[in-house]
Structure formats: structure tokens, C-alpha cells
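The letters A, B and C name the chains in turn, as written, and every chain counts its residues from 1.
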Amino acid sequence: MTAIGTLRVSDLQATPRRKRRNSIVRGVFFVMALLSVVISALIIVSLIGEAWTFVSQVEVATLWTDQWNPRQNSFDLRTIMVGSLIVTIVAMAVAIPVGFGAAIYLSEYARPRVRRVLKPILEILAGIPSVVLGFFALSFISPDLVQRLFSDANLLNMLAAGIGVGILVIPLVASVSEDAMRSVPQTLREGAYAMGARKIAVSTKVVVPAAISGLVAAFILAVSRAIGETMVVLIAAGTGGSARFTSNPLDPGITMTAAMATQARGTDAVRGADLAFPSLFFVGLLLFAITLGLNLIAGRVVKRVRQVY
Amino acid sequence: MVTIGAVAGGTARDVVRAQLTGRRRDVRGVMFKVALQLSLLTALLILVVLLVTSLVEGWPVLSGRLGEFLTSRTSTQPGDAGISQALKGSFWIGVCVVVIAFPIGIGSAIYLEEYAHKSRLTNLIDLTIRNLAGVPSIVFGILGFAVFVKTLDGFTGGKTLLAGGITVAVLVLPIVIITAAEALRAVPTGIREAGFGVGATRWEVIRSHVLPYAAPGILTGTVLALARALGEAAPLLLVGAVLGRLGSDPGWFDAGQLQEQFIAMPTIIADWAGLPQQEFKGELTAAAIVVMLVVVLLANTAAILLRNRYEKKRHGL
Amino acid sequence: MSDVSARTEPVQINPPDSEVADIEVLPEQMVFRVEGLNVYYGDFRAVRDVTIDVRQREITAFIGPSGCGKTTVLRCFNRMNDLVEIARVEGTISYHGVDLYEPAVDPVEVRRRIGMVFQKPNPFPKSIYENVSFGPKVAGMKDNMDDMVERALTRAALWDEVKDRLKSSAMGLSGGQQQRLCIARTIAVEPEVVLMDEPCSALDPIATARIEDLMQELKNDYTIIIVTHNMQQAARVSDRTAFFTAEVNPESDTRTGILVEFDRTETMFSNPADERTENYVTGRFG
């Protein structure tokens, strides 16, 4: 036993072995964390190189034609962007009412026991892969729903694809909205009830306005997800690698994502002066920028919610 | 509005009773509630319809030749076509995700939550991860193609299963990090302080106290990420998943196949759904979907139930 | 309005004035009669056998240590306990002779006549104007909203301070102002009764004093029931006081609230009948 007064600094330090192990472990984890930044940089770098090739070599005239057909040097951006727009609008028209409605019900009306059962089911719905929804859109939504309502619709059409994307996005809208509404303090609701308001007034005039930032964030995230969706469109609205410009949802169409996917299937065959391959990267960069912008806005909006209370 | 004058007791009571009970029927309120219930029902019904449609459509294959279906290779003949190669492909992609994304994701989360001080670098990393989680999967496909197929083709062998596996692992990495970080954040500081109080180093505290406590939450997150990874098709298409017949057919645990061309469950579904023959785009696709859904939905359900059970236990403490 | 300095003196204990007998109370002056009220949360009995009367245009105070059911009882008067799934009310609370918990009674109509101000000010994150106009709007009182808002804010002694910024956010007001805003919006629907659940406990002494003065003015038009932790406040402000305490249930180690004594405030503080009351008001416990 050490006598009092003969304490040395080294008695108060961890053994070198333990210290070293702690440092090594810390270093390893640090490198891992840095990896995410590396990946982001890689994405941008890998996109920019070929995208620049496209931008520098493309003839501006080819960007405004009547079709998107890279093999034939026709890069009408309108076609793919309008395609994305139509699919996204249809998707939102499906997802927002159903998603918000389900969220308000779960947050304000459902009994706790009911909510405990239904919310997990909704989360499971979120796990359905997009290829499944693509198949569902092609083999069910299109023939049995769209073509029944609009007899002149093609089997492959953007409306069915849009509905499929909408279904895909419902759980996201419901989940984020419900969280936003649940976080409204109960005392706000009580204040409204105490003045003789009915549940519909409390839900729509007090809770929803108080949760509005979260709801807007949910909307933006859903739009971002819908724009970035590939497989549903590829399967259900597919036109192969090219499409004429159209703003009719009943026609087949091509979105930015589908353009990229179909382009990749034959990339080995074409090279050289052909700009088909680099166009893939250009569209990818565009898509990355759009979704990044939307996600940043959504993040900023959510931050503002925290400040209100 | 309220006029209770000084009248004899009986009449006042009647006036009040009339006011308190004579409500007009709250039509709008009822209609609103019904509309909300319909929305919820629609969402749930879609799930049911989806499952039933797939099951019904794929029934001939599932009931007739399930065994063959699971063990046959791709073929131009619908009667001979099967998903064995796709199952193997998905299996090995799952392995890649587990080997690559789980350790790196959990390690990153541990660093960000346990070691890092608030600095501009950590804020950047945090922001980057959140944004990556929102990037469309096909953009990861481009990354996969440009980096893992082209640049690193000495390592991966080009358009191979390995390239696909790494790409998908990178895709779900942000999700693993975010869910693991949340699980770690939920660990009460008291546990850490108790560990430090007896003179443990940070790693020892993490290893012996924090990680075990956060394990259920981390597990849930990783299972959800894996289920997501198994359903992704777009990036695999860009990395070179084969459409149509696939030649190679190695054994299940032959790791050599990582350096060969590949298919996976989601890509074979995407492929078959676009074929002209009715058997392919109908019953075979549906049957493949049912098989994939069984795995994916089971994994999701297990993860969510696990999380709910552990949350309940925690709050009961 | 009495000046603030009077409040720093200790509570005056006056000898009971035996010459002033209680006037025979006519049935119509009784706003609430509570008989045998029991409140359960699931199987747990939170409040046991409360019997009490509340008279028109008086301030009735519920006092007692924390956890003895005062707020639970208060919330029975406007059926706010309906919002809690597992809450169950037994016994009767009659409002002008009508049992509030009769099946045919609509809680929404109850709450339009019996308003509530909460412990922590809870204005909506909207403008001052919108806060006050919310109640009348949902009640369907559409005419002349501007006048209504002005009247309510004036009655709540807030008009002068906010009349130039009605459209600005209510969250920008101070704590005391927010609470007066909550009072304004409660009286905007012109209730008969105002329930107050520890309305000053989150406020500083000056804001508290203003609200106590306000209560004395409001008494002329409204019947007020106030729950308060602060017995000096009850002594200052109320006409009648009810003292609650908690019984400990030995087997389940829970506490059930009971009403110990209910009388005119002077009596409760100078000459209470029950020893427990005397111990509480003289500060010997609680």
C-alpha cells in the first residue's frame, strides 16, 4: 500500500495501453465519420466531370426540340422536366389528402389503442419497394382505373405512374405530419376546448396552424422523394430511351430519373462524340441539385418550428 | 348571451337545460371525422390490395411450381424461369451492406455522438449526412457507375455484384448513421457519468454501457436499412445489373460471384415487368414480388415490433 | 382598488362578526350544487365525496397542499376531464339545477358558459386579435367582432397596453400580459362562470397583484372559482374558501383528495371548525 504523500502523477493516469486503445478507436471512428463527406464529394465530382463534357459540347439548339432522344442528339430538357413535374403533381394530389387526413386522424381523433396498432402498419407500408408499386401501377392502376376512366389512355401513362408514386409517398407524408401535430403542446388544445370549441375547430384552427412548419416540411420532403423516384416511372410510364414532348398525363412520358436509367442500359455501345452518355450525368447533376435544394429548405423550415415554443 | 335572471328556481332550470341539451347536430364535425377515417382507411386498404393482387396474380406459379421457381435460373421460356440467381444476388448484396454499411455507419454515429465536440466540421458532417439521406437512389447509381465500376474496376471487376453491393451499401449508409445516432442520443447521460465515475476511458464506457443500452435501437435501424437495401433497383440498373438471361450460376456461398455479372430480386422484377409475354409480366413478376415482399415486410415488421417493445419496456422502468 | 402596500402585511385575523348572520340563500343564487363527487382515473380514486355549493357572483377559492385534487375537482365543472380517456366522474354537479353529466348535455355548450383560465398562460401562436376572436367565432357570434374584442380586452385590463398592436403576435407579450389575454379570450364568449386554475403561479408578484385586482372587478359580472396554492391570495381575494387535503391509502400508497371544510373566508381563516384547516392556515403544515 502506498503511503500518503507519495502519490505520483502516473498513479492518476490510465495505463498507456488503455489510453492508446482509446485513441486508436477514436481515430477509427473519426475516419468513418469523415467518409460521409468523402462520399458527397465523390458524388459531386463524378457528376461534374462528364456533366461538364455535356455542357461544353452540347449545341444549345438541341436543348429545345420536341423530344428527348439522346441517341439522335435531341436533348429537349422540357420533355423530361415536364414529365417529372406531371408525375410529381399527380403523386402529391394522391399523397397529400390521404397522408394529411390519416395524420390528423391519428394525432387528434384516434384512441391511443387504435393509434398503437395503426401507426406501425403505416410504417410497414413505408417499406414497400418501389418496383412493387411500379408493377402495381402497370398491371392494376393503369388498366383497371385509368383506362376505365379515360378510354383513350395508353396502357403506359404518366397518370398511373403518378398515382403509384403518390402511394409510395403516403407513409412519408403521414409520418412527418403526425409527428409535427403530436408535438403541439396539449395545453394549447385545452385552451381552445375550454372556450367551447368543437374537435374539428380545435384540429383545423388551432393544431394545424400551430404545426404548419412541420406540415410544410413534410410536403417538401414528399416532393423531393417523388421527383427522385425511378422504378415506378420506368415500369409504368416507360417509353424506352426516348419520348416526345407531351403535357398529357394520359400519354407515356419520361422523367429525369427514367431518362437516366434508360440511358444507362446501353452506355457501352455508344461513345465518342456522342453526347448520349454525358447527358446522363448532366441530368443527374440537375436532379442532385434540385433535391438537395428542396431538402435544405425543408430542414430550414423545421428549424423554425422549434423556435415558436 | 347567458341570461339567468332572478326567476323562480324551476323555470331557470328549464331554461338552462334547454340551452345545454338543445344542440344542433354537428354535421360538419361528423363529416370531417368520416373524411379523415376514409383517408386512413384508404392508406391501409392500398396495402391490402397490393398484397392480395400480387398474391392472386402470382398464385399459379406459387402454388404450382414454387420449388422450381426458387431454384431455377433465368430463361427465355416462362415455364422454366426462376429466381435462384436473383436470390443469390440479393443475398450477396445484403452481405455487402452488412459488412460495409453497418460497421462504418455505427462507427460514424459513435464518433458523432460520443466523441466529437461541436465544431464546424461536425456540423458539416451532420448536414452532409442528412442531405445524403434525401438524395435520389439513382444518383447513387451514377456514383456507383463512375467510381465503383469504372475507376475501381481493378478491385471490383467492372459491372459486378461487388460494385452493386458497395453502391447499395453507400446508399443506405446515411440511414444507418441517422438511426444509430438517434439510438445513442436516447441513452441517458446518467449511464455515461456512472461509467466515467469509476475511472473508465471513453471507449470502455461506450463498449460496456452505452452500446448495450442503445443496441435495440441500433438493431432496429440497421434492419430497416437492410430491408430498404434489398428493395432498391435503380442504382443496380446503372451499375450494370443484367437484363434477360444471366449466364453465370455459382453456388450460394461462392464468394467468387462477387466479381461476376449479376442480377438481384428487384432488378429481375423490373426486367420481367417490362417483357411482352403475359406470363412474364404477369404471374412471374407477381410471384417474384411475393417472395421479395415476404422477406422485406417480415424484416420491417420485426424491426418495428422490436422497437416498440423496447420503447415500452424503457418507459416502464 | 386597494394599493399594493396593504399586501405586505400579514393576513388580518378578525373576530367572527356574530351579528351578521348568513342571509338565507335563494335557490337561484346558487350556481353550482355538488353532491358526493368522486373522480376516478382508471381504478384509482383521485377525489372522494366532495359536497360543495358555489354562489353567484362570488369568488370561491379551493386551497390545500399539492396533490389533493383541487384541480381535478375544478376541471369537473366544465367537463374538461372528458379529455382524459381514463377519467370517470361519479356523483352530481348541478348547474342551475341541471346535472352537467347528464347524457344529453353537450360539453361544448357547457364550456361556453363555464370558461377556464389555466396555470401557465397558453395563448395561441397567433395575433392578439385572433386569440380573442377565436372563441366568439367558433360560437357563431359573428357580429361586430372588433367591438367584442375591444370589450373583452378592456374588461381584462389589457386594452390600453395592446390597442395599437392587435395584429402583432401574442407570443410577444409578457407573462402577465399573456395571462390577461387568456382571461380576455375566455370572457369574450360571455360565460357566466370563470374557472381559474392557479392563474398567478407562473407570474411575478406585480403581475399577480394586477390579476388579483382584476378578479375583484370581474366578480361584479362573473362567478369565479379559483384554485390556488397561495392561501394569502385566497384570503385577500375570495368570499368563500374550501380547504382540501389528501388521505393516504396505506395499501396502495396513493393519495385521495377530500374536502375538509368549506365556509366564508373570514371564518376559515380566523375561526375554522376543523383542526386540519387551522393547522394549514396558520402554517403549521403544508
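Criterion: a contact is a pair of C-beta atoms (placed from the backbone, for glycine too) under 8 Å apart; a residue touches a chain by one contact, two chains touch by 3 or more.
Keep in mind the model is a prediction, meaning the values are calculated, not measured.
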| item | value |
| --- | --- |
| Set of chains adjacent to subunit A and to subunit B | C |
| Comparison of B-C and A-C (more C-beta pairs in contact) | A-C |
| Subunit A and subunit B: spacing of chain centres that average the CA atoms, whole Å | 14 |
| Between subunit C and subunit B, distance of the C-alpha-averaged centres to the nearest whole Å | 52 |
| Two or more partner chains touched - positions in subunit A | 198 |
| Overlap residues in subunit C, where contacts from two or more other chains coincide | 108-110, 112, 189 |
| Subunit A partner contacts - residues on subunit C that touch it in the complex | 78, 80, 83, 85, 108-112, 115-116, 118, 120, 122-126, 134-135, 138-139, 171, 182, 185-186, 189 |
| Interfacial residue positions of subunit A with respect to subunit C in the complex | 111-112, 185, 187-198, 201, 205-206, 209-210, 308-309 |
| Contact set on subunit B toward subunit C in their complex | 1-2, 4, 6-10, 12-13, 15-17, 19-21, 23 |
| For the subunit A and subunit B complex, residues of the former touching the latter | 14, 18-19, 21-22, 25-26, 28-30, 32-37, 39-40, 42-43, 46-47, 49-50, 97-102, 104-106, 109, 116, 118, 120-136, 138-140, 167, 170-171, 174, 198-200, 203-204, 221, 224-225, 227-231, 234-235, 238, 257, 260-261, 264-265, 280-281, 284, 287-288, 291-292, 294-296, 299 |
| Residues on subunit B engaged by subunit A in the complex (per definition of touch) | 26, 28-29, 32-33, 35-40, 42-44, 46-47, 49-50, 53-54, 57, 103-105, 107-108, 110-112, 115-116, 124-125, 127-132, 134-143, 145-147, 170, 173-174, 177, 199, 201-204, 224, 227-228, 230-234, 237-238, 243, 266, 269-270, 273-274, 281-282, 285-286, 289, 292-293, 296-297, 299-301, 304-305, 308 |
